[in-house]
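Below is a structure I'd like to ask you about.
Chains here go by letter, A, B and C, matching the order in which they are written, and residues are numbered from 1 within each.
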Amino acid sequence: MITFSNWGEWMRHSLELSATIAFTLSGVMTAARSRLDGVGVYAVSFLAALGGGTLRDILLDLRPFFWVQHVEYLWGVMALSTAAMIFMRRRHFEPTEKVIQLPDALGLGLFAAVGVDVASSHGMPALVAVLMGVITPVFGGVLRDIVCNQIPAAFIDHRPYALCAFLGGWLYLGLQALNTPDWLTLTATVFFTAGLRMLALWRDWQLPIWRVDR
Amino acid sequence: MITFSNWGEWMRHSLELSATIAFTLSGVMTAARSRLDGVGVYAVSFLAALGGGTLRDILLDLRPFFWVQHVEYLWGVMALSTAAMIFMRRRHFEPTEKVIQLPDALGLGLFAAVGVDVASSHGMPALVAVLMGVITPVFGGVLRDIVCNQIPAAFIDHRPYALCAFLGGWLYLGLQALNTPDWLTLTATVFFTAGLRMLALWRDWQLPIWRVDR
Amino acid sequence: MITFSNWGEWMRHSLELSATIAFTLSGVMTAARSRLDGVGVYAVSFLAALGGGTLRDILLDLRPFFWVQHVEYLWGVMALSTAAMIFMRRRHFEPTEKVIQLPDALGLGLFAAVGVDVASSHGMPALVAVLMGVITPVFGGVLRDIVCNQIPAAFIDHRPYALCAFLGGWLYLGLQALNTPDWLTLTATVFFTAGLRMLALWRDWQLPIWRVDR
């Protein structure tokens, strides 16, 4: 079991790393599209990559933030943003967005699970814990878009994103209530959430439209 | 006196409930006007209904938030937003805005009083307490408008709204300093603030204009 | 030495005061350009003058805020904004912006030093401390611009501002590591950062441009 637990740790760190890369690149590209300068690119990358978890910790009153305990995340986001500004061109944006869909979806699942877990282990009621599981992966992008003076994509593009994290969060709590082993709960949540997200992208699922004008 | 105190509790809860409904509906309608999707409607409703009190608690470093202690508020906002998306149409927006003016004004008074009270009972100086009494009812709408990529209505529509809460806050502190019974302080603040707001709407009072271009 | 230390205190308070005046006026003018009403002018002035330090304290979980301990700052910002609304006209804006460049640059250096110092004295790692030294002077303006529905000037105008604070922050940490006396570390950081900023304005230095479209 120790072997497996190590494998679990390794999987979790790989997921975390690849998700952070995906979130950072989404920040870089959004900043470039809004024609921000270099300082703006760094600021928006930080927000996109670390904003959701930071907001969750402020709401739950937890310190230190994970990027204070692991400063290498800050250096990593800065290094990646710098590399992107040196090597990326507009023509790379669309293929990059395709490539990061999968790590982004896996990050959605992982951060949803982590968010729910952190919140419920601090005694939050189920719905609050699930909402923290939505805020953790989603609000980085929300802050990124607000700073770039846009309506957050997660709130306007009619694609299921936050919804996948919401459903994944309930799955996590359900499995936990059934005393499922931690590694299985985590794995199931990540793959369920990421699968739902990828399915939604692949089948072009849309959130139901509110026919307000009818 | 117990009877009266119970009546006071009942009045306070009714006011809180009707104000939360009014704030939620303002969020739903602002989100719809900005063409957000369903996820955006929920997010903006949450911000409009609960954002001001949450920001106050972050500033005062108070936990748990009231919506953690009373999760029924979260469920209520979600249920109301869902119902609005099913039943509301564009033609209902203007009459709804008329109807919610009164509960909104009462909520302005109530949340101003609550904000001042929470802040001053945690040792805040008078001006800080009054500003917390302004933030509590006003910043839900401010966050709502920022997410919808608009300049906050409270800062640009030249109608007295935050100002009523500001004056109501000083009244609250004044009555408290005179050892007025709590129920009377609360009632007077709510009716003074709400009355001022309704009067301002009815007489179409405008904030003085800064003749910056002259 | 006591004389000098008193002189240091006096210098620090003068710098703090003149920086707060500069930040407040930047808030007043941004609000006026976005055609906010009087309430909006006050709100944006508060954010511009006090928002950066407040955000730093929220991130570091420090209370009470400096404007709670020194309510005179709140009264001062309100009084200055009121005076500006009575006496300022559009034709005063450009000369005012010229005049406040120096106190603004000095404030940039002072708040960077204070931000780094507060963060590192609470055990933050070097990079986090430096980023807090950037957030303290810069994020007041960022919040000001977000509320006025603009992309933050610090992120888009290609002029070194946050970068000066970033470099000044490392200088501060370096001098501290060399056991430089506090007054010298503070003075050197303020004049290095402010000098860099003034030089950048005078020589019209631009941040390197990311040739994303090539």
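The rule is simple: a residue touches a chain if its C-beta (ideal position, glycine included) is under 8 Å from a C-beta of that chain, and two chains touch if they have at least 3 such contacts.
Labels paired with UniProt names: A, B, C = Glycine transporter domain-containing protein.
Bear in mind that the values here come from a model prediction, so they are computed numbers and not experimental data.
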| item | value |
| --- | --- |
| Arrangement of touching chains [line / ring / star / complete / other] | complete |
| Rigid-body rotation angle, chain C and chain A, from Cα fit (steps of 5°) | 120 |
| Rounded Å distance, chain A centre to chain B centre (Cα mean) | 31 |
| Shared-contact residues (touching 2 or more other chains) in chain A | 58, 61, 146, 149 |
| Contacting residues of chain A [partner chain B, same complex] | 58-61, 124-125, 127-128, 131, 142, 146, 149-152, 154-158, 161-163, 207-214 |
| Chain B to chain A touching residues, read off their complex | 31-32, 34-41, 43-44, 54, 58, 61, 63, 65, 67-68, 71, 74-75, 85, 88-90, 146-149 |
